[in-house]
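Below are two complexes that have chain A in common, paired first with chain B and then with chain C.
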Partner chain A sequence: MERNDLKSMEDKTIDKLQEKPAQEKQIERLVVSSSPHFLRDENIHKIMHTVVLALLPAMAASVYFFGLRAAGLILVSVVSCLLTEYAVQKLREKPVTMWDGSAIITGILLALTLPPGFPYYAAALGSAFAIGIGKQLFGGLGYNIFNPALLGRAFLMATYPVLTTTWSEPLTKGVKAGVDAVSAATPLALMKFEGKMTSHLDMLFGNVAGSMGETSAIAILIGGLYLRYRGYINWKLPLGYLGSMAVFGGIFWLINPTKYPDPLFHILAGGAMLGAWFMVTDMVTSPVTPLGQWLFVICGGLLAVIIRLFGGLPEGVMYSILLMNAFVPLLDKHTRPKFFGEEM
Partner chain B sequence: MSLKTFDHGIHPSYNKELTNHKKIEKANLPKKVVIPLQQHIGAPCKPLVKKGDAVAEGQKIGEASAFVTSPVHSSISGKVKDIEKLPYPGGGKVLSVIIEGDGTAKEWGNGGIGLDLESLTSETLRNIIKEMGIVGMGGAAFPTHVKLSPPKEKKIDAFILNGCECEPYLTSDHRIMVEEPENVVWGMKALMKAAGVENGFIGIEENKSDAIEALEKVTRGSNIKVMSLETKYPQGAEKMLIKAVVGRKVPVGKLPMDVGVVVNNVGTAVAVYGAVKYSKPLIERVVTISGNGVKEPKNLLVRIGTSFEDVLNQCGGITKHGEREVLNGGPMMGIAQTTLDVPVIKGTSGITVLAGKEIKPSTYQPCIRCGSCVEVCPVNLMPYKLGDLGRLYRLDELKAWGGLVCIECGCCSYTCPSKRPLLHWIRVGKIKVREKEKV
Partner chain C sequence: MANNTLWHEFKKGLWQDIPPFRLVLGTCPTLAVTNSVINGIAMGMATLFVLLCANITVSAIRKIVPGQVRIAAYVVLIALYVTVADMFLAAMFPPISKALGPYVPLIVVNCIILARAEGFAQKNPIMPSVMDALGIGIGFTLSLAVMGLIREIFGFGSILDIKILGDWFEPWIVMILPAGAFFVFGFLVALVNYLSIKQKGKKTETVCH
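Coming up: the complex of A and B.
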């Protein structure tokens, strides 16, 4: 009986609540949200597509120096990234966001780190790994710890060690493109294994053997500066990384100028430029605090120089960035800025 | 000359050109007003009138015995129709007095006592300010007399008048400074005397050059200095303003008086002028009605208790079709209303109506750790992280990462490219932390 009373009371309350809107029907419905009610005209698509735009000069340079095969490799990588993104998101029963631009960036960046003669199927595999394992396995955009493109590249290094280190001369040196091209050593390999230095000017314009998009420092710089102009990268990341490489590289150069390359060589050779402007600056995998960012780039640059000069590999940019990526959560945790008015 | 300011912050579109050249107009005398008995931070008032009572314009109708409180007055003359809980623009419902007007209005300017500042002591001034129901008119509505009564051991050496008005769309303070700079300065001097402070500063964003000019003219040769500040949101936030004007940082958990500063708003100064000079309680205020959802944006002098609907109808009404959002205040810190049947209160600096594409999207994307929220946060927090901690009710961590330091300016949500409602999550987390600490 008591329960019935309660029930009827409840019903009455509900009736009362339901009457209310009827009484207030003359009032039109308004949108209600929490402040602020005014947002910046900015979104992920815009950021990602601007990065793609900024990569255009580097892509154009890769086609200029290595021929249409470079374009083919970029296309294969991008398509493979997009398809993997779609497939994994379907499997995870998540909304499909393959066109947000981030998968396209991963595809382009991965392709730009490959030798021009790299087989298409292997590029497709590396791209699938980059997106599937490197990004989606961690939870998709924003949750990955490592830069997906670099992780894909590291995977290819382990899977196809020979293919990933077989370089060819650029077309501008009068050789044939493609898999039949004459193999050649990169400036870093020449320095490391044969003690030969390459001209700075050739490295600046990209007239050297190497990964498709890493060779032309100037093309990368144009894209990077454009991103800086649009406000999408923090200047301290690329400049700090290159600066750290130059300083630590320079210390060894001062110790023994005949054995070790000069600072300018360090920042023009290999993946330094591409890494500094497009991978160190990857928002997802770099720290957000000012001090964390400094530590990230200084240690990254030091690691790259150490690997280059003393490691088993001629190039250290990739591993230096991947290693530092792993420290990002810790860096952010321990470099929290002081609150306004803290400790006074 | 580089302008003074604080670190970080944002530069939103201010959209002030809609009303910043429009003179303040007197709104129509309302037929009915609804006066909430709590329009301030602190203890709610108890009604001093009952149903059927006749009330005069300016008569005190609600009072509380606590220190941190402020009385309320009738803004029209007429009869008390009822006292009940009614929707309040600050959210929820508040006990309010409904008064039906008799159509007459009092002239406050003429025949006033015309008091001379010199003859009044600090204490008398503080009493007048309290009795006349003066509260901070920038939006927070903190009782002014409380701010003016620091404990003895706290030496106050700077008084700052806040004329920043950094909220987009709002121009009420701007117009007040341009149209009645003498009254602003008179009120400011009264406030300074009440607080016992010699040095005064008026902080104004440099986009209001006409206001700066007007006030410089009036304060020339006095101990009040007009400071032009960078136009940047939230320049008018108390802590940011103090940093910009006198270079002091209010420590976490402390008040401006702890660094020897008292801050008051331009609107408050004008209300104090009326209160001291003409014994006029705080019964009307300047309200900016603006936004793309309003037909004719205006600056109106509105009586407290006038309904939003009445006010908006005097501005040509709001857009009829599509989505509309009506805010008590500006778009950065304003509170969205569920009905137009809410009254203008002492803290209503503006009514902003957003419509169509100006209304923010309701969906959000994953955080891409771009760090722009960290870059803009004026109190150096890491909002992307706090947002997640608040969303997940990880309250201890929220507190450790400075959640309670947040001044709720909304820069983080504004700048987020993924449109994440960061401030909303942080705010919910803060409320939960406080609830937990109370238990």
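Coming up: the complex of A and C.
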């Protein structure tokens, strides 16, 4: 916001400059302002809508693999997020910022983590929780401790444990869409409970059972790389997280290759890709210092692998990110770089 | 006038000093045992009984107990009444006793009881202490019942084990988990604060006019 204010202040000054005669122009050109002096033409709207654009491939993949119901779920989640944002901000008598795009992203991300056969009312409930409790209760955008979409997903996991773990095969495997679709196990569940491996190629393109948006690794990767190209995400976060999962997963794989999956499986399966590119990189809930970011992603990857291999759940990405989110204020506080000459 | 103060001692426990939401005391049983209405009421009644007995005794012996050992004396007394309540529940209502688990014996360390003994009964005669115990105890029971009501409706779709929501309702499992207790508790504290701020605003308005 401050940047915007500064920006608009400068705009005004420039407008004034153009009106004034030449002599005064010379004097007024001395604009006194505090740093930063180089301003980019960017604001919350623009960043958020670019993220929505980056999520398009993943959304398209989910509709391709799971049918129009996937689009319906995304729509329900987004609408519910927007309405909740509007309602809470009206109730708290705060300026309504429902169109700044952040609620849309929360809705899309939450929908992408749900199984395709998930009921609409439950998706609406989860979205309302994500925005109402996960974000607005903490004070709105920028003040939330946890990633709202993941918090909504965790709430749904605790509220409807059966519905959130009922997966169906993708349409491309020749089954009917909707709630009646044949239930199927995700690659991670197959690995954990039945000891079966899924082909890497199927996981890369998304031809497997799973949450709507997380099955197609390549679609997410395209979106993530686009965000990186636009400079909205720090490469340390997604690559560090995936790298940490691959390294720690790889250590167990080397110990016992028949029992534990290989590193590539780890980063292609489940929510690893979606989490690494769109949730770990959440600007609000990730650390700002370089050391803090490294610790954040390394510990997060380790936690995800531990939960996957030894925990009670097949997938650990969600809880690993949420747990690490809780540590972000602490990481930021203790990894602050020293001023020159400062004693710690 | 005397009746008025007695009535005041009773009334304050129901809203102004309602234990879990305004004093934020006794939150442990409030969060732990309120997954159904009946558990909440049973827990509240057990606490009410202990609170009443403790307040009466503490008030009666307030002049003979030396100040230095008063807390120890109160705890022994409270432990006595808790044992009675625990055994009574176990003998008469075994299923409820089982559901409440260790939380009935834990009434001994419930802050409400010691706080009322230390903060009220040891300074006041028996009658006000009785009214205080009744007010706070009933306020506590009501709070637990409301918590239990909300959690039972959402968590099981029922009230007092009678199904009120049809088969279309998919129970919110989270509501009967500890996390749900914190959500409901937070919302109720916020609601009570909101209402009392509103009330206060009205009062000052009438004073102004």
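Please note the rule applied: the second predicted complex is superposed on the first by the 300 of 344 C-alpha atoms of A that agree within 3 Å, B and C clash if a C-alpha of one lies under 4 Å from a C-alpha of the other, contacts with A are read in each partner's own complex, and residues count from 1 in each chain.
One rule holds in what follows: a residue touches a chain if its C-beta (ideal position, glycine included) is under 8 Å from a C-beta of that chain, and two chains touch if they have at least 3 such contacts.
Note that the coordinates shown come from a computational prediction; the quantities given were computed from them, not determined experimentally.
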Contacts of A:Ala122 with chain B and chain C, given as first, second, both or neither: second
First (chain B), second (chain C), both or neither touched by A:Asn43: first
Partner chain in contact with A:Phe155 - chain B first, chain C second, else both or neither: second
Which superposed partner A:Leu163 touches (first chain B, second chain C, both, neither): second
Which superposed partner A:Trp235 touches (first chain B, second chain C, both, neither): neither
Touched partner set for A:Phe193, first chain B, second chain C, both or neither: neither
Residue ranges of chain B in contact with chain A within the complex: 10, 12, 168, 239, 243, 249-252, 254, 320, 323-327, 331-341, 352, 354, 358-362, 365-371, 374, 378-382, 384-385, 401-402, 405, 408, 410, 413-419, 421, 423-424, 427
Chain A residues touching chain B - in the complex, by the definition given at the top: 24, 27-28, 30-40, 42-44, 46-47, 100, 140-143, 234, 283-289, 332, 336-342, 344
Parts of chain A lying in touch with chain C, wherever the complex brings them together: 119, 122, 133, 155, 158-161, 163
Chain C residues touching chain A - in the complex, by the definition given at the top: 170, 172-175, 177, 179, 183
